[in-house]
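Labels A, B, C and D are assigned to the chains in the order they are written; within every chain, residues are numbered from 1.
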Amino acid sequence: MEIDFTTDEMMTIAAARALGNDDICFVGIGAPSAACNVARLTHAPDITLIYESGTIGTAPDILPLSIGDGELCDTAVTTVSVPEMFRYWLQGGRVTVGFLGAAQLDRFGNINTTVIGDYNAPSIRLPGGGGAPEIASSCGEIFITMKQTLRGMVEVVDFFTSFGHGSGGTDRADLGITTKGPTLLITDLAVWRPDPKTKEFIVRSLHPGVTRDHVQDTCGWPVKFADDLGVTDIPTELELTTLRDLKARTEAAHAVEVA
Amino acid sequence: MAKFQSLKEAVSDNLKDGDTVAFEGFTHLIPHAAAHEAIRQNRKGLTLVRMTPDVVYDQMIGMGMVDKIIFSYAGNPGVGLLRRMRDAVENKWPKALEIEEHSHAAMANAYEAGAAGLPCAVFRGYKGAGLKDVNNNIREVTCPFTGEKLAAVPSVRPDVTFIHAQKANKRGDILIEGIIGVQKEAVLAAKRAVVTVEEVVDDFDDVHVNACILPRWAVTSVCVVPGGAHPSYAHGYYTRDNAAYVEWDKIASDRGLFQEWMQKNVLTVDETVFEKRISALKGAA
Amino acid sequence: MAKFQSLKEAVSDNLKDGDTVAFEGFTHLIPHAAAHEAIRQNRKGLTLVRMTPDVVYDQMIGMGMVDKIIFSYAGNPGVGLLRRMRDAVENKWPKALEIEEHSHAAMANAYEAGAAGLPCAVFRGYKGAGLKDVNNNIREVTCPFTGEKLAAVPSVRPDVTFIHAQKANKRGDILIEGIIGVQKEAVLAAKRAVVTVEEVVDDFDDVHVNACILPRWAVTSVCVVPGGAHPSYAHGYYTRDNAAYVEWDKIASDRGLFQEWMQKNVLTVDETVFEKRISALKGAA
Amino acid sequence: MEIDFTTDEMMTIAAARALGNDDICFVGIGAPSAACNVARLTHAPDITLIYESGTIGTAPDILPLSIGDGELCDTAVTTVSVPEMFRYWLQGGRVTVGFLGAAQLDRFGNINTTVIGDYNAPSIRLPGGGGAPEIASSCGEIFITMKQTLRGMVEVVDFFTSFGHGSGGTDRADLGITTKGPTLLITDLAVWRPDPKTKEFIVRSLHPGVTRDHVQDTCGWPVKFADDLGVTDIPTELELTTLRDLKARTEAAHAVEVA
């Protein structure tokens, strides 16, 4: 049986699969939030989701529109102050996985969400880092999700909002950072993991129907593919239904709110 | 000691031209009504502080009230960028905007240090991050036991902090519940603090012993403004007006449209409009 | 991830000879039952940490289990001195006791820094105070913005922390209410954490959203020990046994009397005695 | 009408009178606690009492036996963690009056509650400072209560648990301490205040029936008396009744508990 799905859905579901039942996951909004909640609603019911607004162990029935939506608090194990969140829970080293998105990303997992152009005279002023600088250094490892574009996946990021592997190799450890940093990149086209030595992101599997050219044409650096390049497993019916139901519940709820 | 007064009086008494001011709220309980009153009173030369400047800071920047902003994430949550702030940074319209940019961890620690009466906050942060190259207020201290280099930022000490809370009791103590953000710290870090509340109740006898309560002597003014957080929300009272945030993106995209909207929805009204704005959002909170 | 187990197993699994260990509680919720199990298991060479070592630390010191104590106030609250600890400090009986002494502010900050994963705590303290001349772990850092000299102490990072709490839910999350002291920090600062509780409930659905809850993955072991804080108290369950604290002053005043009492009331019993000890103290809490 | 009262009662009542309705008072156990609660129950109903266990704005019906009794929490405006208490409320500079007792006190308000004798080989190991070192430096001003004895009121304290005025004069300010320090000493025999310039405690009033010799015989330094030495007002009937009722309620409650 053929199942139809979008590249967006594939990205979210592939990200969900990377999360386990014992993970303590620091969640951003958008794709990371959907992925984390799909994981919770499928293979990882006991996963702990933390949003930087202070909600710990939250289990929203619909996807929040912001990291501080009321339902996150209603369904949380507890809600703490933001200073406590950043001191005890993030800096305290209790988060296993941090999920980040990026406006710009380079091959070493360095992320820019601050400015396009020069910091002091930017062509586009982006929102800034928020929690990202310390999420990137304090979480056990970092998963990144983003849609591939030439503007987004660049040779050199315009600004180091959060540090990945720097120029690769042992750059990260050399700075005294003890956490793993970016270990996974999931785009709408492929699953990438860093080379163990160089730390450059390598494509490990292409999403179904995606070609190497597809990936290269939407990426600003020369892409390396794994020798044993695979194909990402297509979404299962359970995964797809779970994601679509979640999105449908979310849309319905927000429609009611503004009705 | 908390004084019950009108929002107009509270803003007039507590916010001066040139002040460093925080209107704090972390998605939840953002003090929109207080900020709109500040806009009506046409304060100038402000330094705005907030972890997550959003729509209401976009409005103040667009109105030319702001010289400088100290922040860690400037976006329209769930929607996108802040177009008035972008216009100020990219095009100096209506005037140039100085920015002092931090991470969330730094800002949260800086408020905490302010509440704790310290001159600076010390934490582990900014490792490999570019902000420390563009912000001279990100420095280092060395742990005198391990030699580890830790990040230091100045504490945040606003002249005045505005927050919105669910309840005051008759004595003027303030109750904040749900996503409490950095509001306690923002109040305690400030020289003066103005709190708008949804309602006044007799007492807090039925409230949990460890709930987030600010005693009346930690607060300068209390103003009853039902709906005062709209389009943000007040847990237990009304939900977030997501449509308003989406609409803002369109309004803020055009200077003229922005000015018209401000004229109609802020400058020519008063804080009583907030109760009407939340009438359709009650109950689901 | 919290494992429900017997107190005997939890102490055996988590407390080793030579460990740095905190049995924390600030007058309220002192984990007496857990400390008595540690005494029965005859752990040696411990470094004890606590802001307010009281009767139960007096007992461990008197039993010769303790090499060093890190503390800020060692007294029998409302009664007087700790006579076994005095005997160790003044007369080296049953053995010498090394002391690292701080102020409450320093200890509270040191736990906070431990919970925050920092190597040291920075605060304004010890000005003109004599402790900094006798404790090499009180040092200074200089604020890189104002030049102010601030006090620094190493963070507290116990190998294991024991606390007593009111409730666990079936998943193993822990609820602490009332005078919460430094218990959250003591648990988060430690490598391992054992929590004794009054009871296990289905869920915390009726608990305030901002209550002090430790998620199950922040705790190593949970043991159900009703009355486990006696003669301290558990808010909502039973009151403080003030008479027992007064009685302790007499018992601890004599080495022989002390040893007899320990034999009869600790060494030859188990944790089930605690439920009986609180039977007359219930209800008024 | 003659009212009988003890020197203890006089001490507590004189201390209570020094507190005002707007004071935010950091309370120790024993005499300070009784004094603060008598103030609250007589002329200062709105006084805020803070105990270092984290209870803010507490109004106990009986006197606590420890600084962490349950009733302090039951009657408090709110109860916070101990780190928050010391960081936001004490160090934050929000406490107007700190009340301290002393095992040893010198004429400049320096207090010892740590050791008698040498720190490393003490003849008596006392409980230690607890909150006192930072109470002494962070509160707006410090009130001290103690019973006069030659052992307690000494030429030189064996240990500087908390700093008063050092060797007097501008010592305190010279250390960079911006608060007033000890401004009042109330003993069972007299009310003392520091000389504005030398900072040495001077007797300002003798409690009724007390002589200068009484005070000198129980004080280890040569006592200075104010030129306009007065007599402490005797307790009013309201003050005495309030204190005695409070103590009676306290005894009754504790008798029931252990019955």
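Simple rule for what comes next: contacts are C-beta pairs under 8 Å (C-beta built on N, C-alpha and C of every residue); 3 or more make two chains touch, one makes a residue touch a chain.
Being a predicted model, the structure only gives us computed values, none of them experimental.
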Chains in simultaneous contact with chain A and chain B: C
Centre-of-Cα separation between chain C and chain A, whole angstrom: 40
Between chain D and chain A, distance of the C-alpha-averaged centres to the nearest whole Å: 57
Contacts with two or more other chains, residues of chain B listed in rising order: 112, 116-118, 123-124, 148, 178, 180, 184-185, 209-212, 235
For chain A, residues that touch 2 or more chains besides their own: 73, 79-80, 87, 91, 138
Contact graph of the chains (line, ring, star, complete, other): other
All chain pairs that touch each other: A-B, A-C, B-C, B-D, C-D
Contacting residues of chain A [partner chain C, same complex]: 22, 24, 48, 56-57, 73-74, 76-80, 87-88, 91-94, 138
Chain C-touching residues of chain D, taken from the complex the two chains share: 29, 52-55, 64-70, 72-73, 79-83, 85-87, 90-91, 114, 119-120, 122-134, 136-138, 159-163, 166, 172, 175-177, 254, 256-259
For the chain B and chain D complex, residues of the former touching the latter: 1, 112, 115-118, 173, 184-185, 188, 204, 209-213, 215, 217-218
Interfacial residue positions of chain B with respect to chain C in the complex: 116-120, 122-124, 137, 139-146, 148, 150, 152, 154, 177-178, 180, 207-212, 235
Partner chain A, residues of chain B touching it in the complex: 26-28, 51-52, 71-75, 77-78, 81-82, 85-86, 89-90, 101, 103-105, 108-109, 111-112, 123-131, 134, 148-149, 178-182, 184-185, 212, 233, 235, 239-243, 245, 280-281, 284-285
